[in-house]
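Before we start, here is the structure in question, set down as structure tokens.
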Amino acid sequence: MTTQRPPRSAEEQARLDDTYRELFERMIAFNQLLGMKVGTLDPDGSTIRFDMRAELIGHYPTGRLHGGVIASVLDATGGLALMCAIADKHRDESAAQVMTRFGRFGTIDLRTDFLRPGIGQHFLATGRVTRLGGRIGSAQMTLENEAGTLIATGSAAYLVG
Amino acid sequence: MTTQRPPRSAEEQARLDDTYRELFERMIAFNQLLGMKVGTLDPDGSTIRFDMRAELIGHYPTGRLHGGVIASVLDATGGLALMCAIADKHRDESAAQVMTRFGRFGTIDLRTDFLRPGIGQHFLATGRVTRLGGRIGSAQMTLENEAGTLIATGSAAYLVG
Amino acid sequence: MTTQRPPRSAEEQARLDDTYRELFERMIAFNQLLGMKVGTLDPDGSTIRFDMRAELIGHYPTGRLHGGVIASVLDATGGLALMCAIADKHRDESAAQVMTRFGRFGTIDLRTDFLRPGIGQHFLATGRVTRLGGRIGSAQMTLENEAGTLIATGSAAYLVG
Amino acid sequence: MTTQRPPRSAEEQARLDDTYRELFERMIAFNQLLGMKVGTLDPDGSTIRFDMRAELIGHYPTGRLHGGVIASVLDATGGLALMCAIADKHRDESAAQVMTRFGRFGTIDLRTDFLRPGIGQHFLATGRVTRLGGRIGSAQMTLENEAGTLIATGSAAYLVG
């Protein structure tokens, strides 16, 4: 578990953080379509936020978010939390080295619990890693609106290596 | 279980089918954003199809569908199958009467298994009802591409009354 | 939402608590077979504990708990948390009145994430309510061993009325 | 994908089948406690049957199976189907060689949908593989009673290598 090499510098960490943001906000086209913005980068509380827009509505009379929007954001947020955990685990690696670890990365399965109507102007998803193994990672996620109402929870398993 | 009233006419059934298509393809804005098109209307095999588009990509190097797109379509397809089952259960009701039954309708929870990369030009989701109770309905769903490759499966519970 | 009637007395609450323990530890035969013991009664942290026994093993070379034991205990613990939430919601009702509310109570679906090997001598499951509606309730659960290692998490939806 | 070596003989296949039965019926202690008996060995339809017993009841007034019993049997049945798929994939290997492949085998997560009351005298669980990769396998399962009533469905992901 010990490593000979020093941890990455603050500058290198900033480079990695920028790469994650670029990946999640622009390179993943569907994230961009939904307007996802990366907030905190932390295995114990990565966050992605997005704003209500007419295109994201799933229940026309009430203007609620589509369940698929919620599932999409929770999937992304759990993945982001795991990527942060992997960066922490290999903290002696450069940003470029960490990024090579995600060639196989993918979601195995995802459960979403739709607890309350997806009503609000701004939404915040939070992901937390519950297990990071050599092959499998797991995360739990929540979605809240700007009033702090818990709209949904999620659990997902990811292939991490 | 018997009903005094005759089943709805072919004309009225066509009206209900059109209403379902209108609901799923246009009134649910996020379905429209994803390009969902309703195919078969049947509790044992409702289908929704959609085409690959650059905005739906989740894995940029390979051009795979975003997991959230898959979850969105499976959620919709399971809901559609249940709405067909409800229409069958109340086959003596007019299209307008059936539509009043969906005021509370909503997904309770959804599991999606991402089995193979979401690669293809055209995708077909199929939903099948496994239980329709007075309050809860359940459905299982699959997603295939134009080659018939099984890309994902899903299971969901819905509040139906 | 306000109620004219006073909340149940400490004596009546103790009667309800005893009824819950009796139900979960003895009347539900399979809980008894597994050796479940009710600990805390609280919607935000109901607990059930049980001890390792040879009959509960699922992986013979390592002596790990069977996944089904874990799922069984998480299912029970989430249900217990919801029953506590229902007792709190109807705090003006007697123990006997509360018990009449569970005629339809049942698990709709359950997800279990097996995070780490189920190794230990004593296990503690904790359940927390995430939503209590008029028809549907949801809970999240964890299972830890005596060292505090997180062995599994669970999410479940229940029919509550 | 081609193999130089001939497939295992009928005699060797029978040896492997016996090993699977021994594993699932006796070596996995909790399976034995529940009375699980292996039926068909087939990736597209492995079966495990068991009989109602008073100890397996979860809902005392009605004598229904405990949800945890159902989850336990579905977990085992999906795992059995995957083990059959692995045996088919490596059909040139001896029974002993195949058995060495299961050192890491384990359930990642399991969803169970409780569709109808678990009432009956004899129950049959069927598992079907939906994906077998180098690391991850997935299966879908059903549980029926002797009248063919669909009591539950399940979906699970397994670590297979």
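Labels for the chains are A, B, C and D, by order of writing; each one numbers its residues from 1.
One rule holds for everything that comes next: a contact is a pair of C-beta atoms (placed from the backbone, for glycine too) under 8 Å apart; a residue touches a chain by one contact, two chains touch by 3 or more.
Since this is a predicted model, take the numbers as computed values, not measurements.
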item	value
Farthest chain relative to subunit C (centres taken as mean CA coordinates)	B
Which of B-D and C-D has more C-beta pairs touching across its chains	C-D
Centre-of-Cα separation between subunit D and subunit C, whole angstrom	27
Distance between the centres, which are taken as Cα means, of subunit C and subunit B, whole angstrom	34
Touching two or more other chains - residue numbers and ranges from subunit D	108-109, 111, 113, 138, 155, 157
Residues on subunit D engaged by subunit C in the complex (per definition of touch)	27-34, 54-60, 66-69, 71-73, 75-76, 106-114
List of subunit D residues in touch with subunit A within their complex	108-109, 111, 135-136, 138, 155, 157, 159
Partner subunit B, residues of subunit D touching it in the complex	111, 113, 115-116, 130-131, 138, 140, 150, 153, 155, 157
